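I am attaching a structure below and will ask some questions about it afterwards.
Each chain carries a letter (A, B, C and D) given by its place in the written order, and its residues are counted from 1.
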Amino acid sequence: MDKFKIGIVGATGYTGTELVRLLVNHPEVTIQFATSETHAGKKLSDVHPHFLDTTDLVLCSLNDFSEFEPDLVFLALPHGESMKFVEKHGTDSFIIIDLSGDFRLSSAEQYETWYQTPHTASAFLEESVYGLPELYRHRIRNARLIANPGCYPTSAILALAPLLKQGYIDPGSIIIDSKSGVTGAGAKARPGTHFPVLFGNFSAYSLVNHRHTPEIETILEKHTGIATEVLFTPHLLPIDRGILTTTYSKPVKEISNEVIEDLFHAAYEKENFVRVLDKPPSVKNVRGSNYCDIFTVYDRRTHQIITVSVIDNLMKGAAGQAVQNMNIVFGLIESTGLKQIPLNP
Amino acid sequence: MDKFKIGIVGATGYTGTELVRLLVNHPEVTIQFATSETHAGKKLSDVHPHFLDTTDLVLCSLNDFSEFEPDLVFLALPHGESMKFVEKHGTDSFIIIDLSGDFRLSSAEQYETWYQTPHTASAFLEESVYGLPELYRHRIRNARLIANPGCYPTSAILALAPLLKQGYIDPGSIIIDSKSGVTGAGAKARPGTHFPVLFGNFSAYSLVNHRHTPEIETILEKHTGIATEVLFTPHLLPIDRGILTTTYSKPVKEISNEVIEDLFHAAYEKENFVRVLDKPPSVKNVRGSNYCDIFTVYDRRTHQIITVSVIDNLMKGAAGQAVQNMNIVFGLIESTGLKQIPLNP
Amino acid sequence: MDKFKIGIVGATGYTGTELVRLLVNHPEVTIQFATSETHAGKKLSDVHPHFLDTTDLVLCSLNDFSEFEPDLVFLALPHGESMKFVEKHGTDSFIIIDLSGDFRLSSAEQYETWYQTPHTASAFLEESVYGLPELYRHRIRNARLIANPGCYPTSAILALAPLLKQGYIDPGSIIIDSKSGVTGAGAKARPGTHFPVLFGNFSAYSLVNHRHTPEIETILEKHTGIATEVLFTPHLLPIDRGILTTTYSKPVKEISNEVIEDLFHAAYEKENFVRVLDKPPSVKNVRGSNYCDIFTVYDRRTHQIITVSVIDNLMKGAAGQAVQNMNIVFGLIESTGLKQIPLNP
Amino acid sequence: MDKFKIGIVGATGYTGTELVRLLVNHPEVTIQFATSETHAGKKLSDVHPHFLDTTDLVLCSLNDFSEFEPDLVFLALPHGESMKFVEKHGTDSFIIIDLSGDFRLSSAEQYETWYQTPHTASAFLEESVYGLPELYRHRIRNARLIANPGCYPTSAILALAPLLKQGYIDPGSIIIDSKSGVTGAGAKARPGTHFPVLFGNFSAYSLVNHRHTPEIETILEKHTGIATEVLFTPHLLPIDRGILTTTYSKPVKEISNEVIEDLFHAAYEKENFVRVLDKPPSVKNVRGSNYCDIFTVYDRRTHQIITVSVIDNLMKGAAGQAVQNMNIVFGLIESTGLKQIPLNP
């Protein structure tokens, strides 16, 4: 069989290069094109020398798009840019997996409230499918526009969905305390990501107004049918890759550690990329891989349920999950090209 | 006036060397002796070469203790060891500032529950004063036995006490999510603190059963008179120094950001070492100093109060606070010897 | 065709787990057994949770060795242990790739001088082949005992061999200044690898007496036929993986940057895993991969040649190179199972 | 006695804030003004919150300079900017300590060759004194314009000067392999200092053409009277503070470790800030302090002398040394305000 032809729009940022890393070695696809407006005409390995000898990919401009007939296009663009692409090209000619936040929320209003900018392709919001396979695999199979989940939401939703779905916790009590490595902030150097600023440092940011808050609430609500409100606080870890999310919620049923463990094992036993642990996870145990590791514990004393989950933000939190979605939509085995064993140490 | 004579028992661990760093340059005290059973007879600078040329201190054994007549002794010992010293020497001949957990809790029973070992000097529990100057300065002045606070509790109590004391929050709703640098685990190499294990890593540990839980609850209860229950979750940051603590609690009164800010400014405006900020703090902004930086925000949407506080765990979380306590008990200006400006970058 | 059956002796250290990471996904081999005396009977994923769901491997004791009939055995043992295994089992029944230093030097005398311990299997020194494919591929093909190179020597020899072999540099002038990540020191926690000791730190160690000195000299001499003396200074980088080696040597012929570049391109153009760069390399550009990146420059002013080379010490410096050797000795395509693209960022 | 009045021009970069850290607690000086063109009118603690409560300093513009009558001005400016200030203000009204490279070299020609820009205040080159107290204390005492040494040169010159001065080494054989933390690159965020780029990374840069090369040669020549040529290679360490410099040189006399040790002890025994060690130094052993730690060893086998020296690049490599120079020129005890004990861990 011929390989599927895919394209990557925005191939030189962190999610873009992670897509290349995965797809170059993927047995069922070929990268037909990869764009970069800044570096069009250069070899990818001239921009990112770690790719030397691994791919001959030459970056092109989005202006050359008409030359290609891809089966699927990954959009690794900043939010606001993806919607322009979708508006222009529609979803008839090829499948789109968008890694930005543009098609994750329910409505243009919600988008505008949290992103502080108008949504110019709201007609496609309805059609878009949230690309979290563990929740929406059946819909992803037939999707034409997949909104690849945010990194924080992936770690939080996978940890909370089983509890909420089965009615174990109060949907108004949820606190999400997340800690992310710096690649989550993108490849562009900023004063706040200057090495001496972050080395040996740690801080919270975007308190009470981070854009992943409505994404988490919206998806949990859609999935469970229960109105859900979360307080989400991100923190910046002085490492390159990895997210750890700790959640706190109040049980509304009689509960025990055994019950919760059974619940999570049942929810994820058939999943390729969710590992339910019997001890607290570490971000390095998923580095470079597509795994999400989850641990839960019930505190009898304070009557709270704690979950701790970890992902590699560039893998299960971005490019890895995007490839997982691609595999699903192409009818491939879901783990194809995603069997990287975590790089630890 | 003659300088005060002080001794340090256990001078080669991290809190011990941090005490030496502060006291060598303290204008009102002289270090009469510093003990180490492992290294007795050696110069401190032979064990820790960064002290070369800064002090001639020669380590001695606790067996030589009778040679000295100190005004005050710092115990920088593991828990369990401090109580033996106190039991043997009592508190009549000199003041004791204990940096272990042995005299922080209310009762031998509570100690034995959380520390899993009997308390053999429980007669002194009553007499001991919890050495958090911002709450107990008046009692510290006349204390003979000061239980220097734990690092996590310092960061959490300073952030929660004003809210609880003034009745702003539900004392049963408190969640404390803390993140600490690795020096908090002590100077002894362990498999879990091997550099390649922690580099680029992050994890939660001691879920629901960390010993600082009852310390935080006990002190908040004593201070406010209100029964308080907290869920405390520590995490291990891949840095050397620094704690950041995020707390979540439910208001029980009408509240606003202005009200909370005023509350914290009022609580700490006369304090030398608590800085109330108008933006989220960073651990590097207090590195090497005795400051605790605190930021608060109220989330109208989820009706939660968030506090974020940072300290250097070896300073305000251990040795710096111990010197602050010493200054108080000696009647010195409280900031004497503690004016180190944070080392940033 | 049936897969080759391989065994790993010492599977829980850093080179052992890296071998597992590579071999689990290797299409032409099956791991028949993996030993650990400490953890025999446990699943590898219980000892190293990042392997969960990626392999069902159960660790066994070396005492169970007689149950197996492997085609090839990797020895990921400390020096001194490998020679015992080789002495006991010989090289008739299966091929051995030894990752320790036991079979890299020329003679028992040289070994005893630098390793300070007698060599008890010196009869095998003659037979052993130094497993640096770029120099000894033809001999590796028929080897029964392969001495897998040390991490520092790999980075130094690949950078110096072309210059020496073609007679461009004075073989008595060579200075090698190397910097290695901490995994090079092994998986065992030691006082010197305690996280707070190394975090933010950097130092030189083993000045003038590191065991890789005679290895570098011996191999360069054997390869070039020229008596060679090097001054080798290792330093400890506060990172987990990666070696960067800077060498300095005096040209003995008229030379230019163009001449050197041509020399290196010619030497390595057919190599899968050596990339000759036109700018200085970074260790992160080879992280998790089997590449060695090399850059050279001639300083007209001081008349010195500088080379800078980088490898991942656990890959091209240990397990990756071992798998490359295995591929050669099995007659497989040399890059089989070694196409991991560097994990950057 | 009245305190000396000093000013800092360029107070918000890394050397500027380090000067403030030292001078706020200096007992003999008062900071009369501190400039920042970007942040004029703001409190320093608004720009750098770690200064909160430690100083009320309000930044002003250089345009306000005429309001002040300082005794001494520190120029913490980029090269090229300092010469403009010196040209405009001369050295009659106040002493100048320039932390840029503008007045370190011998001639305008040399400057233009290495800095690629004309020198517009070359009339002052003659008058300027190189501010390395260990070599030039007697001249610094009466200087009006002090060229504060570069960070790399400080670490290299202190390690090489005793050997060269006493004729122990071949002045044409010197190799300097240096490794610096990232604060050496300044406070401005650049693509190459983006946290994810440098985290876990290490590389060499500016091979054969770094500007500190002629500075090292010039000063060694002036000091020893011997024409000296060095090959200097800098590398970028993934830490915030600290330089380690390894040098290699060929002895030209009979030599032994004892002879070299005696030489260094003799050279530095009266120095406050140079510590001659009997084992290899670590950068963390000088963090936050003004010390330079030096270790030497002679390799009998290859007949080379190795030195390893460490400094905190912002202290002995910049601001600490500048304050040391200020103390000398003011006739104060040289260590005044510089007794910070290294912050380790």
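We adopt the following convention: a contact is a pair of C-beta atoms (placed from the backbone, for glycine too) under 8 Å apart; a residue touches a chain by one contact, two chains touch by 3 or more.
All of these numbers come straight from a predicted model, not from anything done at the bench.
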{"item": "Higher-contact pair (C-beta pairs counted), C-D versus A-D", "value": "C-D"}
{"item": "Relative to chain C, chain with the most remote C-alpha centre", "value": "B"}
{"item": "For chain C paired with chain D, centre-to-centre distance based on mean C-alpha positions, whole Å", "value": "39"}
{"item": "Centroid distance [mean C-alpha coordinates] between chain D and chain B, Å", "value": "36"}
{"item": "Averaged-CA centre spacing for the pair chain D and chain A, given as whole angstrom", "value": "46"}
{"item": "Per-residue overlap in chain D, given as positions that touch at least 2 other chains", "value": "14, 183, 196-197, 199-200, 238-241, 281-282, 284, 287, 345"}
{"item": "Of all residues in chain D, those that touch chain C in their complex", "value": "172, 175, 177, 179, 196-197, 199-205, 207-208, 229-231, 233, 235, 237-242, 244, 246, 248, 280-284, 287, 297, 299, 301-302, 304, 306, 308, 310, 345"}
{"item": "Chain C-facing residues of chain A, complex", "value": "14, 17, 21, 24-25, 48-54, 183, 199-200, 240-241, 272, 275, 277, 279, 281-282, 284-289, 291, 293, 314, 339-345"}
{"item": "Contact set on chain D toward chain A in their complex", "value": "14, 181-183, 187-191, 193-200, 238-240"}
